[in-house]
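Since the structure comes first, as structure tokens, the remarks are kept for the end.
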Amino acid sequence: MMASVLPDPTLLAHLRVAATPASLRMIRRVVREAALLAGAPEPWADDLMLAVDEACQNVVRHAYAGQPGDLCITLSRTPDGDGVAVEILDFAPTVDPSQVRGRDLDDVRPGGLGVHLIEALCEEAGFAAAPEGAGNLFRMVKRFANAAPQR
Amino acid sequence: MMASVLPDPTLLAHLRVAATPASLRMIRRVVREAALLAGAPEPWADDLMLAVDEACQNVVRHAYAGQPGDLCITLSRTPDGDGVAVEILDFAPTVDPSQVRGRDLDDVRPGGLGVHLIEALCEEAGFAAAPEGAGNLFRMVKRFANAAPQR
Amino acid sequence: MTVDISTRGNAAVAHLSGEVDLERSPGVRRALLDALGRRMPLVVDLSQVSYIDSSGIASLVEAYQTARKQSTPFILCAVSAAALRVMQLARLDKVFDIRPTLDDALAAV
Amino acid sequence: MTVDISTRGNAAVAHLSGEVDLERSPGVRRALLDALGRRMPLVVDLSQVSYIDSSGIASLVEAYQTARKQSTPFILCAVSAAALRVMQLARLDKVFDIRPTLDDALAAV
């Protein structure tokens, strides 16, 4: 018999999958259930699910650009319990955050919407320092209190 | 820019959650999607989902017995690509495998069915050596080829 | 709501729905035992059960045994494919009184 | 199947369903552009779309632009709540020609 490792009480779920289009379904299921576990209403959970899908598909399409690699998602309750924090970690080459920009929404053309959706649906979103040995860490926070600003 | 870490090509999904009844929904979603990713037909995926749910709820109810702790599930393609292997890791006190036994099916009473379901639905199921610092490792393999024996 | 209980003639009908798992089965168990406390025949409609695990099955077994002890009819009906699969694996499909439809079950109580 | 295309009078009707995500949107894009290649008015029924992401929306935008270039009517109809939400966030609900029902769309082509 061994000592029990103390779990992190804010953890909702940690998921590691291959960064492929086919993994996104599973990612969406996990994000949705994690949001509901955190007490979110369904529309809120659906919005977080969309935002995280968009961030993950950017990892698949841009950060890895077709190269094989894994993607790790950690969903936690915010320390104040007022929302959900999401960390998306990849092992791809380092991305220049200044290149991550959506298109002008009035210039209607295919693509360039993912970043807008993420920013419209989350109160915080951006790159943070990735741990040694990893590639990029994208961090998002969505809070329960006020509806996300509709930018 | 850093070197990309080589991913494990057999990995379908790795999930870490709190070992609670409320986590089982998410676990089921992940197992089902992982089985479908591996190419399983839906009834096969549903069967694996049930077997893994049963093994995980045994961790919640018996291994942790109400104590807080995490549960890690790793789903992979078998090396021969003929099925899915599942590893369920906990950080609970060490379990005596000889105590893990279902009831006599002819002695109808509530409970004692989980182990039977796992054994009926999987070709392999049993405890393996847990890594240093962890509690118990339960390993299951379900193959595509022949239908699972109906014990 | 976990279990929707209604009255049809002299019988109580419990409609289970969705996923009856370790999180929800304590509520299902409680509702079935409460219904049996009224000593009316109990029909459990399982048509809307998309998933049931061993803990959900255990709730049904406990209700079945309670009903037997007090000689109250206890009938399952319209068992969904997902629920029937688990009952067959647990060899309970031959133990429970199972009817194809709610009307068949009501005619039998 | 990813997209079910049928003909109604002089229009083609594409029924999208389920989750239109990065995995499935290339098939949707191909099916819509193929349908427009027939130079018939195209109505896209989105009533059964439970989820759509930016890649699915991009397929609709590309079809919309292709239709405009060749002066073929391109109408979306019966947009599910999930799909409308994304279009509103992307400010495309004012760009696409959106009709409440399939019949409304067919009357408009």
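To keep things simple, chains are lettered A, B, C and D as they appear, and every chain counts its residues starting from 1.
To be clear about the criterion, a contact is a pair of C-beta atoms (placed from the backbone, for glycine too) under 8 Å apart; a residue touches a chain by one contact, two chains touch by 3 or more.
Everything numeric in this text was worked out from a predicted model, so none of it was measured.
If chain B is left out, touch-linked groups of the remaining chains read A, D | C. Look at where the CA atoms of chain A average out and do the same for chain D: the two points lie 28 Å apart.
In terms of their C-alpha centroids, the spacing between chain C and chain D amounts to 45 Å. Put simply, the C-alpha centre of chain A and that of chain C have 41 angstrom between them.
Contact with two or more other chains is made by no residue of chain C. Counting partner chains per residue, chain A shows two or more touched chains at residues 22, 25. Two chains count as a pair here when they touch; such pairs are A-B, A-D, B-C.
The part of chain B that touches chain C in the complex is made up of residues 21-22, 24-25, 28, 46-47, 50, 53-54, 57, 60-61, 105-106, 108-111, 113-114, 116-117, 120-121, 150.
Residues of chain C touching chain B in their complex: 19, 21-23, 51, 53-55, 57-59, 61-62, 64-65, 82, 85-86, 89-92, 95. Those residues of chain A that touch chain B in the complex are listed here as 1-2, 4-5, 7-9, 11-18, 22-23, 25-26, 29-30, 33-34, 37, 67-70, 91-94, 133-135.
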